[in-house]
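What follows is a pair of complexes built around chain A, which joins chain B in one and chain C in the other.
After this line comes the complex of A and B, so read on.
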């Protein structure tokens, strides 16, 4: 059976959703509505012209691990994002490349191309929504991207504490079936750190198969004044059993690099790193 | 022995005197027991699941559970929709509606696959599209035609999604393995803290509590809901056939439950009528029924208390206990009414009846229980349950008969009757029959022994022809729709059930090796193309199909590229492409390390026993193709059954030996002579050997039910022999004349033997009212065994006694002590 089709968006895009930020920590604003809190989250500077190394650890239910190293480049185009990523390891997929144009608007399908070095072929992968797995991980393409604010309704559930920081628990629900279909979640609860408007945890109710996904930021760092989740875990559970989990680690994050538009082309994809 | 026997008789007498004195407290106790037992009954569970047949610690079940943890359930519910216009707008629209309805309504649904959402991979010059087959709805006739062409040409779809002639299309439902645990949002949000940390350092650090497997009721509801949904869609141009092993199990369960209720009604009726004919009193009908009903309720209460569920074989327990448990009462009542009618003294009659029959009913109950208990180690869990709880119930019936029956009789006014139930009637058809039997048995002892020897020999020869079987579909009556549906699906789609192989390459990314993939392809081909397999594989599915599909799509859909890529470096890249194409189907066929591959063999429904040699053939073939590089494990519900039942039937032989051994020892102890004890076992052994031989000759196989016959029959049959020998020796000691002793034995004990055997045989013949073939066979054959056993006691035993008495050594032993 098919999962809703993916868009091959760039890994680094995760930064947008996970680590968009205000340069300076703001005091917890009392009396903010849920929507206002999410506006602050959405409005954070998430940096631009980024280069980074990604380490992706895939852990199956038996505890077996697979590791992938990926080199990624990312550039904002208005609210859209261009990304290009190359596998560094494992050896058997080295130099395999992905090029993606992620469109902020949910109505427009993302464009993605995959380059297979062994075949010397690039194929465009036609796709329709954001809910499918990102590179076989527990993150969906949607998880790696910023959500469109107006596509969700928000409710402040309560305040709590995570690792000594005050957080808001905000419930987000898709405004309609189309959005629900696109993201594959019937509901999410996001834990937003009050001091920096950073979502450090999230729980997603997956539409298909009664699964619950847990996102947890394991390591949060400030790089060039920008808050970045440098280690994030997503685990997919069913009946309280972890079925699969993924750890994403970011290294060598550099913002505001000189990145030419020309990097984000099929020609460049085929040329490799 | 004599004084020992006397002591026991005296013990029974004084015990019964006490029961009569304290009849009201005893009856209060009985009422209390009844209430307490009844209170437990709501806790009694019914488990007709496939795993229910296995002991939870069975290693074969472990392999199966591991498989399901990795790949999900293997037992699919298959709907095949038949129509002459599958590729038409109205049909496809209706199919989509059916798909949606199933998706919305069926509980515990993990995955539903049909033409609506089947994976459709298309390669173009510059792009790959992986989408649902009907994602873009065909609008015109031309598009419908193109769809038909595409579907019919896709080897992945053949027999899986569409029949070769394009007239059947399937919807396949895969249900959850585990029950969903209802959790509040609050608990789910706390999940960050509950889940054991999982990372490099602690690997599978899962919480210890394993979720619960879907229970019987939940699975029953799945099939029920599917049936309800189907009913709304069924039409002449949209004929839905429903099959698959969950559907078969569900039908068996339903039929069996209906049969069961019918048996209980008929058992009560038959026993009641027999008791009335025998004693012509209402009290003689109601009291024994009360006693056995209480034994049954108490036994079920103990099962409920211990959490032992009623399963398929244990379903025969209620009617079985009713029939077998009433025997004790018959013996007691026969003596009681005989005394009571003579003297009119209730207390004296009760004490005398219990004193006289106490030891006999204890011995007969013990032998019956021993026969049943011999199954306690059976490899089929519910057969072991049946052995244990039926034996327990029989002993309980004994205790209740000894305690409650006298109390009931003592507590209520009874009128003195005339002769009814007397064992000393010397006229009437029964007396004439018994008299003639005596003449015949003692007059032709040599011929009778010779005849039985011939029958025994034929039986032994027949036993070698016995076949084994486990085919629950064949048990069902032909009127059950699942039978026709299974036949239709097997015929048109090459199979309705699956068997699973797990291929372990022994290393991570082992499945990236084209050589291994090539061998897998060869293996699959051998399974479907070569002859000589004991299971005819309809289709073999594995990761090989996926890689071929990707490879073809990568090469612009050219048919010649529907093949395994032969460059080792290409395989992992193609898998990576597939992982990113939006499909999660890989996890159904490989583990995430690409070390294990699942190979699903779809096959028509066949006797599960045929999977036993098939597994051996598969293992041999895999060694031939893979050598030692790949380890193959077979699992799945069908072969699982085959192996278990196969082992179980072999262990049934062990049960027979235990039953026979234990009962022989009891017989020897009772008679006080080894030689005589062994001689007396002949009339018990013969009926069972003859019945088993008969099964062998007429081709009735040994299955989960027929394998019970031997131990049950010997446990019951031996009762009559005990009564016969017991009485024969008493009369022989008095007269020293074998013929006279036989005549008097048959005239007295013979009557009780005849009536109890008829009641018991009737109790088993009740199973012939079953709509299920297995229960019919079980009832018929056990009933025949009991009647043969009576015949052996009426003919063979007297003949043997006559011959024994004729020799001086035998005479000495008969008279000994």
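After this line comes the complex of A and C, so read on.
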């Protein structure tokens, strides 16, 4: 459709907060504050120069499934991240490309360009709002990007256990209405594994629609010494009834690849893979 | 009157209802319907007292979805095929007066039963070079069904069947900073999505204005494009080898504006002398983009001139100098375009060969799953000769066009709704049309599209006697 898919944001790096990705195991740290725990989560090495393939399965409440395949590349530029993604399937979005310069600072809007093969045109996308759905999935743009640490307040609720691993449950609340609007959540509770500082679950209270979203890491693997959530589910519920869910799977993840800056340009976006 | 016509007023009312609708997000009535949210409204999000209940929600379901890997194609790695098969139909609600040459012609009722297909082969070549060969075609048995003898030959020739080469080119990199692409291709200039000012290189399929799918709107032409890159800048030099012009409705079509057939079209031969030229400088920067354009081309519209062979529709050379820029501000994208045309000629004798087109536009993406855009353009003819107001030019000194578009996704991008309103003239006196389209994704490869398009009469050539063209339309398309 002509409509620019404004929400095609960066899948790959997305994982940063979602899975808060990569880090070597650490001993459980006793006596840390909620903020300190989240600083550890945020400080993970996110494995620069990454290439991967993404499979996204969208499942409606009747179990009907749709599938998206994406090739993604990302590169860190200081705290900023450059990403380029190409849709491989389904056929009607094939060759659509999305280029993002994701600026860590919440003060600066990301630069985003979308190449639409049907239009034969590269279109700039202006969207400071991160709360919309990413490609129709249950993940929002906010879910797919690293959160700015200082834009949230943190409170340690309790400790618990998930799949045999000790976790902290940390409540995060936007520091102001602007941040709340941008992310679309009134608050979240994040389950952080104590041994590796990895968020394996999260519950998000959605600002609009009386919905609650459940994020859960279904598969966690160590690749090149880096912890990666290779399968993650996001489920949207209302009145405790699942409305829709999305499964993200990452394949062929490679770190520290030789990726030239030239890949992250409109030139490449228009030429395709 | 600001917006004449009940249809237009009703359409605007619908638009006004839907815009705030976007702001209400998922809890509004229409959204509920389209999203299939059948649950009654619930109380606000639980407080901390209910936290344990909320957190226990992980136990309810396990991950679904089959673990899949990309399909193993039977094709060799260097070859990729894509395409689709479609069936589209339309129903014309009005009934226009038939031309004298085809007195039995009645456009009312079934006006399309079109089968279409397209196939594209992408070939990976050594050293990163790529080739594409594309073709598409259609056949519409509606003419046979309704009686071919009632239709003028020009309508049948232009609308019954077609088979043509689409994008077919070779592209590659000559040096680290130099790309080349040669063959039939589409090159889009400008920042506007709805109004063409600087986008002059490819002609359009105007056989059924407002009805043509965006996939098929621009016609590819044979050209060679050299792109050089330096930092944020790109300089693009283009030579168009193939003189190709708009596809227009045939005499007898309800979209044909005149009362008698247009004279034969004189298409310049493909020769060295008839090459067209274009130059573009594009820059992409933090928060904004800029493009400058220059082109020496044939006028796609053409004009009627008396030649040694008699009256002919000829295409003279024109020059276009243009610029386009956009600026991203939060959820807003501001757009502007300017195009200066020199060398314009008309079907009436007049000394008004220069025109300045200006466009301002804004796009807002702050409503959930919604894009709202407004574009306004004015085409000002310098030294306007009042003689141009007569038939068949029906010219105006300042030709204002306003386009409003609303696109919104529902049900996790399964349903897409688009409302488009295009008005000519400051008060709509030039004519207008409105289109409502709903696209439903039945599966990953099957989509159904339906909608309605309404036309209002106006004094621009395209809209004269246009209010009988209103159509309902639908399409089913399988893509692979």
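Quick note on the criterion: the second predicted complex is superposed on the first by the 259 of 273 C-alpha atoms of A that agree within 3 Å, B and C clash if a C-alpha of one lies under 4 Å from a C-alpha of the other, contacts with A are read in each partner's own complex, and residues count from 1 in each chain.
What we mean here is this: a residue touches a chain if its C-beta (ideal position, glycine included) is under 8 Å from a C-beta of that chain, and two chains touch if they have at least 3 such contacts.
Everything numeric in this text was worked out from a predicted model, so none of it was measured.
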Review point. Counting residues of chain A in contact, which comes out ahead: chain B or chain C?
Key: C
Check your understanding: What is the contact status of A:111 with respect to chain B (first) and chain C (second): first, second, both, or neither?
Key -> second
Exercise for review: For A:245, select first, second, both or neither according to whether it touches chain B, chain C, the two together, or no partner.
Suggested key: both
Check your understanding: First (chain B), second (chain C), both or neither: which does A:69 touch?
Key -> second
Exercise for review: Have a look at where A:84 lands relative to chain B and chain C in the superposition and call it first, second, both or neither.
Suggested key: neither
Exercise for review: Answer with first, second, both or neither: which of chain B and chain C does A:96 touch in the superposed model?
Suggested key: first
Practice item. Please work out whether A:253 is in contact with chain B alone, chain C alone, both, or neither, and reply first, second, both or neither. Key: neither
Point to revise | First (chain B), second (chain C), both or neither touched by A:237 | key: both
Study note, to complete from the structure: chain A residues where the chain B and chain C footprints coincide 1-4, 6, 57-61, 63, 65-66, 90, 92, 118-119, 121, 123-128, 132-133, 135-136, 169, 189, 201, 203, 205, 209-210, 212, 214, 216, 233, 235, 237-242, 244-245, 247
Practice item. Mind listing the chain C positions that touch chain A in their complex? Key: 25-27, 36-37, 39, 41-46, 51, 54-55, 57-58, 60-61, 63-70, 82, 84, 171, 179, 186-188, 191, 193, 214-215, 218, 227, 229, 234, 282, 284, 286-287, 289, 326, 328-333, 363, 365-366, 368-369, 371, 407, 409, 411-414, 416, 418, 439, 441, 443-445, 447, 479-480
Exercise for review: Give every residue of chain A touching chain B within the complex, in rising order.
Suggested key: 1-6, 8, 57-66, 90, 92-93, 96, 98, 114, 116-119, 121-128, 132-133, 135-136, 169, 189, 201, 203, 205, 209-210, 212, 214, 216, 233, 235, 237-242, 244-245, 247
Review point. Residues of chain B touching chain A in their complex?
Key: 69, 110-113, 117-119, 123, 126-132, 135, 176, 178-181, 183, 185, 188-189, 191-192, 194-195, 198-200, 202-207, 209-211, 508-509, 512, 554, 567, 569-570, 572-574, 576-577, 579-585, 591-593
Review point. Which residues, counting only chain A, touch chain C once they are in their complex?
Key: 1-4, 6-7, 53, 55, 57-61, 63, 65-67, 69, 88-92, 94, 101, 109, 111, 113, 118-121, 123-129, 131-133, 135-138, 157, 169, 186, 189, 201, 203, 205-206, 208-212, 214, 216, 218, 231, 233, 235, 237-245, 247, 249, 251, 265-267, 271
